[in-house]
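Common to both upcoming complexes is chain A, partnered first by chain B, then by chain C.
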Partner chain A sequence: MKIAKKIINLSILAALMIIIAVSIVNAANITGQEIIDKAEDNMDYGNYQSQAQMTIHTTGGDKRELKMEIRGEGTEKSIMKYYEPARIEGVTFLFIKDDIWSFFPRTGRVRHLAASTKNQKMMGSSFSYDDFSSEAFEDYSVKLIGNEKMLGEECYKVEGQAKSDEAAYDGFTAWVTEGDFRLLKVNYFKAGEKIKVMTIETFMKVNGKLRPKKITMKDLNEDNQTVFEYIEIETGVNFRPNYFNKRNLERISKSQL
Partner chain B sequence: MRDKLFNYLANTIIKKPKTILIITALVTIVLLLFSFNLNLELSWVGLAPKGDPSQTEFRKIVDNYPSASKMYVTVEDKGGDLESAAKIAAENLEKLQYVKRVDYRVNMDYLLDNGLLLYESDNLNNITDILKNPNLTGFITNLNDLYEKEYKGNSSGIEDDKQEMVRTLRGLDYFLQLADRSLTQNIKSEEMDKGVKRLLVGDPYLSSIKGDTLLMTVQPTFGALDYNKLKPGVGAIAEELKKIEKEYPGFKYGLTGMHVIARDEMESTTRDSTLAMIIGLILVLIILIAAFKMWLSPLLAAVPLIVGIIWDMGLTSIFIGRLNIFTVFTAAMLIGLGIDFSVHILSGFTEARSKDYSLEDSVHFTLEKVGPGILTGALTTAAAFFTLTISSLGFLVELGLIMGMGILSIMLAVFLILPALLFLRDGSKSSTVKKGNYPVIGKIAGWSRKWRYPVLAIVLLILIFSAWQGTMVDFYLSIKKIEPEGLESIKVMDDIADKFNMSNDAVLYTTDNLKKTYQLAEEIKDQPQVERVSAITEYLPPSDIQQQRLKNLTAVNQMLKRRPGYQKTDINNLITQLKRLENNLIEIGQLSYMSGIDEVVNVTDKITGLPGNPGILSNFISKLEAEKYQQQKLNDFVSSFYDSFSENSGKMEIKSELTVNDLPADIKSQFISADGSSYLNSVYAKGNLWDRIKKPFGSRFIHMLREKVPRVTGTPIFMRVLYDQVSKEVTEAVFLIAVTLLLLLFFHFRSFKEAFIAFLPLISALTVTMGLIKILNVNLDIFSVLAFPLIIGIGIDDGVHVIHRLNISDQDMQTVFSSVGRAILLTTLTTMASFGSLMIAQYQAIYRLGVTLFIGVAFCFIMTLIIIPALLTNKNKINESEEN
Partner chain C sequence: MKKIISILFILILISVVSYPVLAVDFSYGGQFDSYLERKNNNYNFANELKLKFDLGSFNYNGHLEGALINQDSKFANLSQFSPDNEVKLDKAYLDFWFASGELKLGKQRIAWGSGYFFNPTDIINPLKEDNKSEINPRQSTDSIFGSYYLGKGALQGVIVTDFQPLGPDNNDQAAEVARSINPALDGSVVLPQDFSDELEYGLRYTTVINYYDFSLMYYQGREDYPVVSAFESNNTPPEVIFSYPEKETFGLDLSGTLAGGEIGVWVEAAYTNPDIGHNYLQSIIGLDYTYQNGLHLLGEYYRDESLSNFIPGQEVKTKDFLGLESDYNLTDLLKITGSLLTPFNSDFYLLNGELNYSMAQNVELKAGFNQPINEEGTIFENNDLFPAEDNLYLELSYYF
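For the complex of A and B:
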């Protein structure tokens, strides 16, 4: 009986050791591309609706808090409706790939805006449209360059180099947590200079997974920063077919949150 | 050799004291006369590194471009009539003898006549589109088409064009007010002409983001480096503005610019340095009187000090010719350093007299026993200062020379004058000689020796903590943290940066041909840190660009000739187009609000209003819809618009290339050098450059400009170059001074161990000082960092005197410290008093220098008292001490 117990214990121990060894080997073999892919997966909410706020600095030196409701389907379609401050309440944007439409309740007009380019600033913020894309790192060849502690967590340090001139930046360095592949910080480079720093310091649990809650983007060239924060987020939302359509903009703008 | 020298000096003083005094008096008079020729050059220019292109370029610009160094006047009016407030100020200021010209609006006629040639090809289509129809409804339709084509809700497009857009929208606002008034009043043709010009060229004023402040420039008849005229000139302009404010209580003006700041700096430094010198001298005398418990001797001690400073100023006048912002404080600093020599002589003399030595023996004792220590101390301190002359920074070289010469002059004056005065005074009148020892200092030294291991451990802990704190010290670079506190000119400068989102401290460079001027301006204005580039090519593009634009203008010129005739206004059509305009502007305003482009938001709000609070355009539309107008007046207005628009837009037809001769005088004087050979360009940073000068923003702005134009100049450049150079050179200077001193100490003591031990208290004091200036939130700047080489030069004396006395004395350590400790305590207190007096300065950098020196010198004494006894004892009593 005692021998049997010992054998069972030894088997459990051996199994554990094998699992740990396999994990270590796998961890050691992970590539920079895999790390950044997993980090990107973590940023993809699927079908979701959320409330968020963005704090920008105006040219007059004031801080301005803009609150918005965002709904998204996959990575290519989203709708953003401002609800605070009152003077822009109901202004709604529809993003489908690179195309943008807007609806202004004060004028009652739907406008097709100029198509956004990747490195164009998003609504005067320090973020570019590309920074908010869930495929933000697709234009880069990524490699793992080491492990480093960042914001108190053990992280993979990966480096990305632009594959072509189409990329928004020449390159980046990113820190991704070792355990659950959360992106914590990204330094963006252009012409050999660090031009932007994105940090994600707070996370919230969405469907059992930690997702970014507060994202800060510092623009070092303009000495400006924008803070984007999710107030709440709900995933797995079913939108009716053709919901993300310019014909719906007015209705969405007037609908209650 | 040294002993013989001091013996000879003592004999000469005893034999011919009065002759020595007469000779020194004559030398003093001659050098005093020389010192009257000293120039006070209290500007930042003199502080730039030797041979740095920014310095030569600045002088070239000041000499060749009268408009380069202009003053800025901010104009406000409680009643909102900024135009009148600016106009009245300009008219009054131009009457002053110190003012050459005042500018507060762009040259509308030139822009109207040649505007089409000044537009970049990309924008040319936009402006020509709105010229196609001179009828009011047609014009508004074309304007709507333009807005809908160009700003399809694209906030980036608005941000890129924001300056042009704000100017145009302000022009539109002015015109709409005129249109609104036309419904009930007759509009004169001149008024219509003004309104149409603003539609075509935009708002002619440089207005703040909120539109509540105008900026005007004053070109004085004197330069910013013309020190003699700064005070009366700037004073007269400031006085005139105050007079207008009194006459028109709603008006408010602010004055700033290089001249004004230079005037304020000059007044501040002169006041601060004089006050610091007087307070320092009084404090030093009080300390000496209290220490020696006699009146006359301390006063006598001050005589060679003052004489030495006069000699130094005379020599400075001969060899350097000027005092700069920093060296103007050398007299105050020399008091603290130079009085030490007198204190040592006085201490030696009173000590000798207390031992009942005769007068002659006392002179011999003083010079032969105390003299060598003073000589070594003075030579090491002077050597430390002279080491600064290898620096590439002009002001450090001057500081090194003036302080080095000052130390040697005072030392010589002390050796020659003080023993002679003491000898004469004691010979004529017997005095009560006080005790020359401070036993408490001896006791502390003895205690430190006894408990040396715990004492050294505690010192080590303090040093580690201080070093840790020291690593967090802030190094200020912004002139807001360096200049005198509370200066009105700096406040106005700050105000401009906040209100106009633009730094008025322009960075300047010159170019010698239009093509290069154009290329550089285009490259620089695309940089993210740049708000505006002011270059002559805004008014006179290079020939190839003009030719290219002229080709595109052929069709425009033809269009201008084929425009439709006057059409009777269809009111419904007009209302439709006005509503469309309102919608376009609402959308542009909302996009700008979401993007934080406040200047656009402010003007669109004014035109379209907000829900519940209609703007001028909404009111105009409402009146038309409600038919609250007289048809004839509206017809007259529309017809008058057609005439004026046809005439003024017709002027925009371009036939030939522009040349320099076509430029009006105001533009020429703004950009072209006096000899016509080169052009002046000004670059204005976005926002408040001084608040961000050390951040990547400031650093990239400066380095980007220096890379593109190596000779770029201006205060921000000087400060950044100074910062880069000072950061590099102070470390080198500290290292060089330390090595020089160590070598001198080695030659003096003939022992590495003693040289090193004499040096240890100094290193410890520097470390504690770094820690304390962080803890006290004093921090550092490009001036106060110089306290460190100074502390080395000054603080080394304490250790030198102690070890020197330990070596020659046969008394136990406690007694030696009681005796020499008194002298070094007094010298420390006097030095602290004189440097401490710098703390009264309004000049923040000088205040910081005072605090740093005060702490540094105090800790040199404290560390000497604690560390040296713990590590060393007097050779002659070594066995006895060890046994004890």
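For the complex of A and C:
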């Protein structure tokens, strides 16, 4: 009887050791691409509608506050409409994967943005149009280069190199938390120089997971920064069919989201 | 004024009826502009309060936009300053959206085409007469617009119910124009006789082909600018008769990107067959590119074969034009823009420069100039069709 009990205990111990060993091996084998994919999954709010604020701190020390309504379906489709300040009220953008369309009430026209425009500052902020694109990390080959503590948390440190000239930056270094794959910080590089730093210091629980609430983008060349923050967010929203369509841009520009 | 009150009444009625029943949103806003311009040793000063109201939901929208203007457009010094007040209705329409399309009724802007300096297919709305140094400004027209979705594309139709001439709209004005050509002349104008004579129609099919927005259009209406349709030399004094000929226009429009999406490109062409004058083609091709440092360059080539129809007594050889523009953000708050328009076969240039400063969250200051060079002896000298006058302007805008 004692022998049987001993065999059971040893079997449990062996099973536990195998589970731990497999976990360790898996953790060690995780690739940079998998880490960045999981980090991007954490930015997926599902079907959501939200209100957000962009605070632009200009080089000269001035401050501009832009408010917007955002609706999204996964990470691939979103619509962003500015409602404050009055100067830009109704300006609306549609993001579908790598494509961006704009509608400006003053011209009454919908325009597809050329790739050369996507790297430019979005509405005068430190963010580029491309930073809001769902495929912000798709244009890079990513590898894990180590583990490092960042903002007090144990993180994977990954590095991305642009696959082609179409990428907004030449490369980036990102820190992603080891436990739950939250993106904490990204340094963006161009021509070997660090040009922008994005940090995510505040998170909120959405659909059971911690997801970004407040994102700061610093432009090191121009010495300005922009803070993007969700004011409120509602998930599980049902959109009418074909809602994320460029033909709806003018209509959305005029109506409350 | 009666018309404005009627539209206001309809919008208020709709809002009162629908507000308790439907989930409607009401919003309002506007801007206050102060504009000072120096032109030909005179000043033009205007204060303009623009207001807009929106009421509706995702399925419909009522929009009202107007302005209260206090302006003296020509005074040499402060002692002559004597502004007039004007109430202007810019837009007033009801817009309904359905699963299969859109219906929009009222005074509205229908933006067809994709050109920047010139828009040969954007012929539903005439150019604005009280232009404040804007590029290609358009005024709204009373019309009925419908769009029916067909797969990726849409079939659009428009009926314009109110013809707005860009020239004399009564005999006194026609006489004034005639006398400005030759003081010995008199003038009169032939206008559409009745409502059915005023109607204009447009039809457009728009779709996406291989990532390019592509449209074909047909228009039946009138020239916005007057032509000399007759000269009565037996009258005393001799009389010039102006009219706005009927015309048919066939057009196409294409816009997209080149070089892997790096360069924006647009093309427009419109072939017109007017009742008076010869048939003509108007076309543009434009490109734009933004450098990594934010410098934006835009170029547009324009060919216009119509000018001889509107300039009496001469065959205009100037048909090809080039427009160039560049803009750059000097700082986060200060933007500089420069543009140039020039015909190919002449030394004439029209230069424009503008600084735009975001003074505060909702306050913007614009300062700029227009400077024609070598216009003497060209068709651009004292030409209403292409007003090329030197000016300096300053505009302060507050948005709320």
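Following the convention adopted for this analysis, the second predicted complex is superposed on the first by the 182 of 257 C-alpha atoms of A that agree within 3 Å, B and C clash if a C-alpha of one lies under 4 Å from a C-alpha of the other, contacts with A are read in each partner's own complex, and residues count from 1 in each chain.
Assume a residue touches a chain if its C-beta (ideal position, glycine included) is under 8 Å from a C-beta of that chain, and two chains touch if they have at least 3 such contacts.
Predicted model, so just to flag it, every value in this text is computed and none were measured.
Peer 1: Report for A:58: first if it touches chain B alone, second if chain C alone, otherwise both or neither.
Peer 2: A:58 sits against chain B and chain C alike.
Peer 1: First (chain B), second (chain C), both or neither: which does A:163 touch?
Peer 2: Once the two structures are laid over each other on A, A:163 reaches no partner at all.
Peer 1: One more residue to check, A:149. First (chain B), second (chain C), both or neither?
Peer 2: neither
Peer 1: Determine, under the contact definition given at the top, whether A:109 touches first (chain B), second (chain C), both, or neither.
Peer 2: both
Peer 1: By the touch definition at the top of the document, which applies to A:97: first (chain B), second (chain C), both, or neither?
Peer 2: After superposition on chain A, A:97 lies in contact with neither partner.
Peer 1: May I ask you to decide whether A:247 touches chain B, chain C, both, or neither, giving the answer as first, second, both or neither?
Peer 2: Second partner only, chain C.
Peer 1: In the overlay, answer first, second, both or neither for which of chain B and chain C A:121 touches.
Peer 2: A:121: touches chain B and chain C.
Peer 1: Both chain B and chain C touch chain A; at which residues?
Peer 2: 56, 58-60, 62, 64, 87, 107, 109, 111-112, 114, 120-121, 124, 222
Peer 1: Per the contact definition, I'd like the list of chain A residues that touch chain B in the complex.
Peer 2: Chain A reaches chain B through residues 56-62, 64, 66, 82, 87-88, 91, 100, 102, 104, 106-107, 109, 111-114, 120-121, 123-125, 193-194, 219-223.
Peer 1: If we count contacts the way the header does, which residues on chain B are in touch with chain A in the complex?
Peer 2: Residues 152-157, 159, 162, 209-210, 498, 501, 528-529, 583, 586-587, 590-591, 593-599, 610-611, 686-687, 692, 695-697, 700 of chain B touch chain A in their complex.
Peer 1: Okay, in this complex, where on chain C does chain A touch?
Peer 2: Residues of chain C touching chain A: 25, 27, 29-31, 54, 56-58, 61, 63, 95, 97, 102, 109-111, 114, 149, 154, 211, 213, 255-257, 260-264, 288-292, 294, 329, 331-333, 358, 361-362, 364, 397, 399-400.
Peer 1: Taking the touch rule as given, give the residues of chain A at its contact with chain C in the complex, in rising order.
Peer 2: It comes out as residues 56, 58-60, 62, 64-65, 85-87, 89, 107-109, 111-112, 114-117, 119-121, 124, 166, 222, 224, 247, 251-252, 254-256.
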